[in-house]
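Below: the structure, in structure tokens.
Chain lettering (A, B, C, D, E and F) follows the sequence in which the chains are written, and residue indices restart at 1 in each chain.
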């Protein structure tokens, strides 16, 4: 049986404290293992909290923040964080930090801020769009 | 043209599965994951409805990792198929789209 | 590419941000010229009630957001009949007058015509 | 010695109120707030059980701001008392402790 | 001051962090020498099942956390009978062997003897 | 009727995106209006996200972050953030930022990090402990 290679995009709407974020991550790993294409992971709602560079999880717990970054690096996956959701929750890159006159910035390397249009564009070019919600 | 439905809430506390069951038709499939795997228990609310759907040809799946984590492996209904993350991906390929009930 | 997308909004307004975020996603989908339909079911029905006064809890009423939908050419609105009935509501209680009431079988059919579902 | 129970989830989707009703006794009170005010609708699941509790002398309250925000002011069951944030505080003073069902 | 505190744990393990955070709060309550009781009800019952393998989802099993409770002198453990029965479980399925099974009326009574409730 | 003056403590376990955080805030305002004493607000679980200094909510939305800070300033209310919950979610003060070798810190003024013992101490000295959960 020939398995078609597909283009996936993933919509993560859950915070790191919800297992849905972990499920999204494992789903991404699995689809890449099978040779599918992961076009984009879009972080929306409380999902944006996955993209901080200030987290220090306990040594004996999974560091999902780093896992997202490794995933992005190893497979050149775009990790896009909804900018409106991020601003209102306190997740900023340097540019937005300056624009809003904030004391610092905390968007982790490997993640970029982008508009909701990036979720829609992902839908437009992908064969499958899967939501992980909480 | 059929839909894979995922449900990640326990039917003991949340009615998402109830709504999913209402909408599910013919060649659709249902995947229980995260706290949704508690709905795979024989004693769960909607257990009878799930089995009825299965007899109509709708496949019911539960994510094995979540089932094992929660110590449910030997407690779930016989008609429910346990699958891996890899098989979860295959399901999303074989169905035409995914609706997440949460 | 032009895709058929169904946004399903199932959560009550105000208790958390899901319903509001679904709206924002709907507007974005319309702006980027995709073929959008919107389905309200379960507690998502409550987003459509007339006379919401969300200023009572320092939020913005869905009433005004809903009235923006036609300006974005979002006109394929569906309401789940069983969800409506279960809540003791009728279409007269709702602010949308151009929505189609659909039963569960029709929703199943609606799903079957979509490329993607945006789940909220 | 009695307990104030607060419930902030809609009984149309979540069973928290169901459990609260099981535990509630004699001189306890129940306050519905946030999405919990949808459970104050006459058509809500557990509406009959709430009214039965009320007839046993258990007071059922709903937070007025949340009721107005959600356009429910003229749709809720007659036995339910609408209260302000200030009255919410007074309730927590008059009852001996608070259990939050969420 | 020494207060009587009842911690009520109602949420399933692993799907979110509530159940784990309830445990951490229980240990803190014991360390700070308060009179703690713990009640498991609703899906909180599932925290107590034998043979959890949470490493399957990169988490730590509640099984080991539970076995720590006696070392903190947390020994007033209660389990809601109706919650247990509704889930088709018996005390034999659970890892705690020193818990008291209580019905709804007994819980109401238990509540009435507390200064505070920690709600999880 | 004489209304007794009571000591309250509040346990906020919900993120800013949940209305429970707003309810907690309104409850605090109301109890202070009535002359009660607010010993401490303790932020636990996703409640810790209320304490960021990087949020830039839209101009026409309530800025709950600032409201917590105003409350603290006007009434000398202790706002204590659970340190373990904060570290694993990426909310740090300067000291923890240095300890964990992070690029910055984002705990808003008026909030302090503290252990779960601060929740228990609050229970011990308060007449009422009210949880706002999500």
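The rule is simple: a residue touches a chain if its C-beta (ideal position, glycine included) is under 8 Å from a C-beta of that chain, and two chains touch if they have at least 3 such contacts.
None of these values were measured; they are calculated from a predicted model.
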- Message: On the document's contact criterion, could you list the chains that touch chain A and likewise touch chain B?
- Response: C, E
- Query: Between which chains do we find the greatest number of C-beta pairs in contact?
  - Reply: A-F
- Query: Which rotation angle, from 0 to 180°, best lines up the CA atoms of chain A with chain F, given as a multiple of 5?
  - Reply: 180
- Shared interface numbering between chain D and chain B [over half = same, under half = different]: same
- Message: As a quick test, compute the distance in whole Å between the mean CA positions of chain D and chain E.
- Response: 25
- Quick one: report the Å distance separating chain B from chain F, using the average Cα coordinate of each chain. 39
- Note on the structure: Chain-centre distance (mean CA atoms) for chain A and chain E, in whole Å, is 34
- Query: Got the chain D residues that touch at least 2 other chains?
  - Reply: 8, 12-13, 15-16, 34-35, 65, 97-98, 100, 102
- Find every residue in chain F that makes contact with two or more other chains and list them. 17, 19, 45, 61, 84, 128-129, 131, 133-134
- For chain E, residues contacting two or more additional chains: 14-15, 17, 42, 57, 59, 115-117, 119
- Item | Chain pairs in mutual contact under the definition given at the outset | A-B, A-C, A-E, A-F, B-C, B-D, B-E, C-D, C-F, D-E, D-F, E-F
- The answer for chain D against chain F in the complex is residues 8, 33-35, 63, 65, 84-86, 88-90, 92-93, 97-98, 100, 102
- chain F residues touching chain E in their complex are 11, 13, 44-45, 84-85, 115-117, 119-121, 123-126, 128-129, 131, 133
- Message: Give the list of chain E residues in touch with chain A in this complex.
- Response: 14-17, 57-60
- Sites on chain C touched by chain B in the complex: 8, 10, 41-42, 82-83, 104-105, 107-108, 111-117, 119
- In the complex formed with chain A, which residues of chain C make contact? 1-3, 5, 17-18, 21, 24-25, 28-29, 31-32, 34, 115-120
